[in-house]
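Chain IDs A, B, C and D follow the sequence of writing; residue 1 opens each chain.
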Amino acid sequence: MDLTELGGCLSSLSCMVTQTAAGLTIGMLLFLVASGLTLIFGVLGIVNFAHGSLYMMGAYFALAAYGVSGSFVLAVVAGTLGAALLGLFMERFLLSRIYGQDVLMQLLVCYAVILILDDVVKIVWGGDFRSMGVPDELRLPPFIIGGGIVPYFYAILFAVTAVIAAALAWGMGRTRFGRIVRAAAINPGMVGALGINTTVIYAAVFAIGAGLAGAAGALSAPIRSVVPGAGVSILIESFIVTVIGGMGSIGGALAASLILGFTRSFGSIGFPLFVEGAMFAIMALVLILRPSGLGGKRGS
Amino acid sequence: MSGGWLRDTAVAMVVLALFLAFELAGFRSSSLLDFAIRFATFGLLALSLNLLIGTTGLVSFGHAAYFGMGAYSFGLLMQTGAWSIPAAILAALACTALLALVVGALCVRLSEIYFAFLTLAFQMLLHSVISSWISLTGGDQGLMGGIPKPAFLGIDLAQPSHLAGFGVFCLLLSTVALRQVVRSPFGAALRMIRDNPDRAAFVGLSVFRYRLAAFVIAGTFAGLGGVLMSLYVSGAFPSFAFWTTSGEAIFMIMLGGVSVFLGPLVGTAIFLLLNDWITALTEHHGLFMGTILLILVLGLRKGLLDFIMEHWRARKGARS
Amino acid sequence: MSGGRLQLQNLRKSFGGVVATDDVSLTFEPGTLSAIIGPNGAGKTTLFHLITGKLPVSSGRVLLDDAEITGLDRRDIVRRGIGRAFQVANLFPSFTVAHSLAAGLMAHEGRTASLFRGFPPKDIAARAEEVMELCGLTHLAATESRHLSHGDQKLLDIALALALSPKVLLLDEPTAGMGPDERWRMIERVHKLWEARGLTLVFIEHDMDIVFRIAQSVRVLRYGAVLAQGTPEEMRRNPAVIEAYLGAEHAL
Amino acid sequence: MSLGKKGAMGRRVLLGGTGAAAITGFPNIAFTQPRQPIKVGMPTILSGRVAQLGISSRNAIQIEVDRFNAEGGLDGRPIELIVRDSRGTPAEAARLAREMISSDGCEFLIDGEPSSGGFAVHEVVRETGTVTLHINSETSSLTADPRQRFWNAFRVARQGIHDSIAGGAYAANIAKTRNLRRWMTVSPDYAYGRDTTAEFVEYLKHFYPEVQVTGETWPRLFQPDYTENITRLSQGRPQAIYSCLWAGDLVTFTEQASIFGLFAQSSVFAVNMADYTTLQQIRNLPRGVHSGNRYLKNFPNTPENLAFATEYNRRFNTFPTNWSWQAATGAKLLMTALRQVGGTDPRQVAAKLKGMVMDSPFGADGKVTMRAEDQTLVGYAIGWGVTLSQEPYIEGMAPIEWSTIFQHEAEWKRSKGWS
């Protein structure tokens, strides 16, 4: 514990700026992955244990597209769409066969997908870690705000993830599709009765969730190494986010992602040896005090 | 009704006697001994996990935590040099039961999906504690220096043949015990909770207490598996408590079947043979195992023994 | 074995702003057979939930033989002697009929903590046998619940509640989803059970022929509140009840 | 030999499901041929996050084995290499080691596991008495701790303590000339990271007592993101930073640290940077990072070393790794011992290995030594240099004198009570 250091940071503008920016960026990237997970759970009632693998695939698709085109924008698009398509495939050909069966089946199918994707990646891209590197056109000097450092690329990451989050909120709140999806989350039978094809809704939601994970993978490819098995640690953090935020709640996921982001950025100063532990502690606390999570419906 | 228990014990003793007779008669090959030890180890892991999944309806994705806990606490106690093996085993099981009690108390109230991934999360927490608490656990290098195996009651576990015999003994003992658990009134309560927790509460069961008890019992037997594992590799490693170990245990159960008591043991045997065969054949282990798993889950939709039993029952039903 | 007195005093339940049970005060005398009727959404099942502790009450009291049971855990309420069968049969699908009843009995008596005995022990098996006999399920003893016909599932559901020797038995639409013949068989069975055990029986029912044939008294609920209560004849003459629920067909 | 064959036969029949009779195994004379290959087993990691390292060990050994067999093997007996994937799990490594010995009839093991699996294999061969060369375990205690030592196990790899002494000496030199006194460390939170960092700091302070470590941050192994660790470092404003992050983790750290401008702010000493897999993956390799050598084709700058790198690159289209040179050296040592003994008797082979001095492209002065007293490799090339942004990636490699290492290693052993 180094709480004097944390106090020092909280009273220093430069430190506050740097850590806040870092926390926001970490949190927003996490949010992209976790919101997909929570969306899929909310509508399909499925916990996609292979969600981390979709994140990983997004990064690999982005890497491949970047290698061919040299454009980061295309890379992100490729990562998002690639993961979305893969998610679509996964939902249509694998998960849709086990709807209505118990969690064990979901777990096993997802476990199999993790095993297979890790190996496929190894066969196609090699077992070694890969790195995209920050594209030259985005490699600009960091912003210095009040003495604090905000890397240029992080600012871009934050802007893009914020736009995606806003689009998601708008899509869920204001569009017909969003209303149907929310209705489906509450009562799948009702939506079917209204003559809306739940099959299409399920597939679309899974593809969107997968696409969000893919987008996070693609966006972070320049600054994180891309490696088979990269999905697992992301998956665990996304789980923690979903538990804290409440399963199925996108608003809760946003709040929880930011809480974890700030726990990481400020925790590394105040309690560097307990950052991981703190995340679990927050989760345990939420579970005890409010088992359905921050944004979850009570009693369901 | 306790006749079932006595009969099981008798069967177990015959199996053990046969195994030992085989060894004593000199029909031993070290690959058989190795297989016996590994079978005992993972058999315990799978069998105990099925008490949760098959009997109680709790799908835990964090069962390896107790496997790892058993291995580490046993290894650490033995390394102090002050404990005999039986005493250390009992103490290790007590530690494991305690861990299962704490985690279980937090998890068993939750709905099944929350339960699955919270057990997973706590397992990852234990895994990261093991990797970072280097002064105690040796971190990722595991418990170093080997685990002393002082002889007790004429049993010298440093010899593979003794260890295999001991492993088989532990497995048989646990099989009889777990079978009795499933068959007892307590087991009936667990099955009621699995079938319909709501109604179980209406007939007067405390769903929480019974689930927690099942969680602790299952964790403890997984801990015994961990003890055997640490004796086998003469150490303990963080991967024992890693999620992949839990995944493999679920895989084994799926290979065998959840509804037949001995299904997980059949699954363990198939898994180990499959694993050895695939490892010898290719380095694309995940691709093969994953595909087999998918075929099994999407094709049969149940474990092998479940599938066979259902067919057999259906045929019997058709005939009568 | 005899029935107990069940009293509800000023029972209220609201979900958010919606009042589901509105100031309900009812008394069911020991050994009586009463029906609760009312249109869909009148709060009949909610009332059962409140009595059995499945839902917490917002205010008011529930008394069994003058002892308050409000707010107790539903397991304790069962132990005190309130049994309940469900609108949709609520069973243990993988248990045979005999084992369902035996397991229910053991759970009820707190004997399921035993790890060393077999299941079911002989004394319990004998008592399960008795209940099966009483309910006419003996020939299905070895059938798994999930393979029973709809009617037999409902019957087993009642048997399960009955096995726990309740003083008060609440049946939520015992004949729901059955054909006319099956209905009557079922209701005869229920009537016999009531006579045999002498318990206080309360049932929710939509089939008015059944209600007026067997019920000693009838309570009518509407919008969560008690609209009227009395003998079947009184109800069939009560204009409010006729207007709200019965219609001309059942009026006297 | 035939004993092992029996086991293999037994298992195969068992797999076929023919039942209990198979367990006994049948004496199988047909397998016993006069020119049987010498089987060498190698458990290593071929899948998962560090698969590339395992593969690079296998590649290097394959080169040596092919050469040995082309030269006629041991009196016509070729070496047959059996490589299996442990997937990085120690239990699986132990099982593979046992199976290779008892079922496949391997007479020697080249253990390609990192420390965790390496210790598991170590325990297996302690029991079986199989001559074993650990080629990838850098943990000092494996050979330095006398309780871990037995006649048939050897380490042919860097040793953590050697690296730390060399690193400490080098870093102290730089720190003295540039007056770098305020240090921070960022290393992975597991045994290797903790031990290596503690030892580095100890020797850094030993050679330059004015150094102060003002802060440390411990990302977990395979952490996906290092932002919080980097901002922590940048808040601490140290003059120098030490890290023993490696492979993908080091790449991620470097990419993120460079956009925070960390490399402009502080001198960085990253012991594991100078490895081709790492160097080639960092898109924007900062200039001036100090690193110890892992494997470099121009250090030692000899034709033999370059020839090895070229041959490796020709066959596998990548460059060797730190694990490659260790693997090649291990294989070469074993083969030399076999030829010198003229047979495969384990006691004789082990005796020959003990104290063996062998010409090697990876030696500090053209030779490496299997030190008799603790059965570990010494005299390999060890040095530190500074990164460039492109090939040859590292310049100014300064070799560290082995006499310095030996002297401090002896003191270290005494302090641990190991000598």
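Here, a residue touches a chain if its C-beta (ideal position, glycine included) is under 8 Å from a C-beta of that chain, and two chains touch if they have at least 3 such contacts.
All values reported here derive from a predicted model rather than from experimental measurement.
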**OP:** Moving only from a chain to one it touches, give the least number of moves from chain A to chain C.
**Re:** 2
**OP:** Report the most central chain, judged by the distance from each chain's C-alpha mean to the global C-alpha mean.
**Re:** B
Original post:
By mean C-alpha coordinates, which chain is most distant from chain B?
Top reply: C
**OP:** Could you please state the distance in Å, as a whole number, between where the Cα atoms of chain B are centred and where those of chain C are centred?
**Re:** 43
**OP:** Could you please state the distance in Å, as a whole number, between where the Cα atoms of chain B are centred and where those of chain D are centred?
**Re:** 34
Subject >> Computed distance of Cα centres, chain D from chain C, in Å >> reply: 73
Original post:
When you check chain A against every other chain, which residues touch at least two of them?
Top reply: 118-119, 122, 276
**OP:** For chain D, write out the residues touching at least two other chains, lowest number first.
**Re:** 46-47, 218, 220
Subject >> Residue list for chain B, restricted to those that touch at least two other chains >> reply: 128, 284-286
Subject >> Inter-chain touch pairs (all) >> reply: A-B, A-D, B-C, B-D
Original post:
Hey, which residues of chain A end up touching chain D in the complex?
Top reply: 9, 15, 18-19, 22, 25-26, 29, 118-119, 122, 126-134, 139, 141-142, 149, 151-154, 220, 222-225, 227-230, 233-234, 264-265, 267-269, 272-273, 275-276
Original post:
Within the complex, which stretch of chain B touches chain D?
Top reply: 22, 27, 29-32, 34, 38, 128, 131-132, 134, 138-142, 144-146, 158, 160, 229, 232-235, 237-240, 242, 244, 273, 276-277, 279-280, 283-286
Subject >> chain B - residues contacting chain A, complex >> reply: 53, 57, 59, 61, 106, 109-110, 112-114, 116-118, 120-122, 124-125, 128, 243, 247, 250-251, 254, 258, 284-287, 289-291, 293-294, 297-298, 301
**OP:** Could you pull out which chain D residues touch chain B in their complex?
**Re:** 6-8, 10-11, 14-15, 23-25, 46-47, 84-85, 87-92, 94-96, 98-99, 101-103, 115-116, 119-120, 123-124, 126-127, 139, 141, 145, 147-148, 189-192, 194-195, 218, 220-221
Subject >> chain B-touching residues of chain A, taken from the complex the two chains share >> reply: 41, 45, 47, 49, 94, 97-98, 101-105, 107-109, 111-116, 118-120, 122-123, 232, 236, 239-240, 243, 247, 276-277, 280, 283-284, 287-288, 291
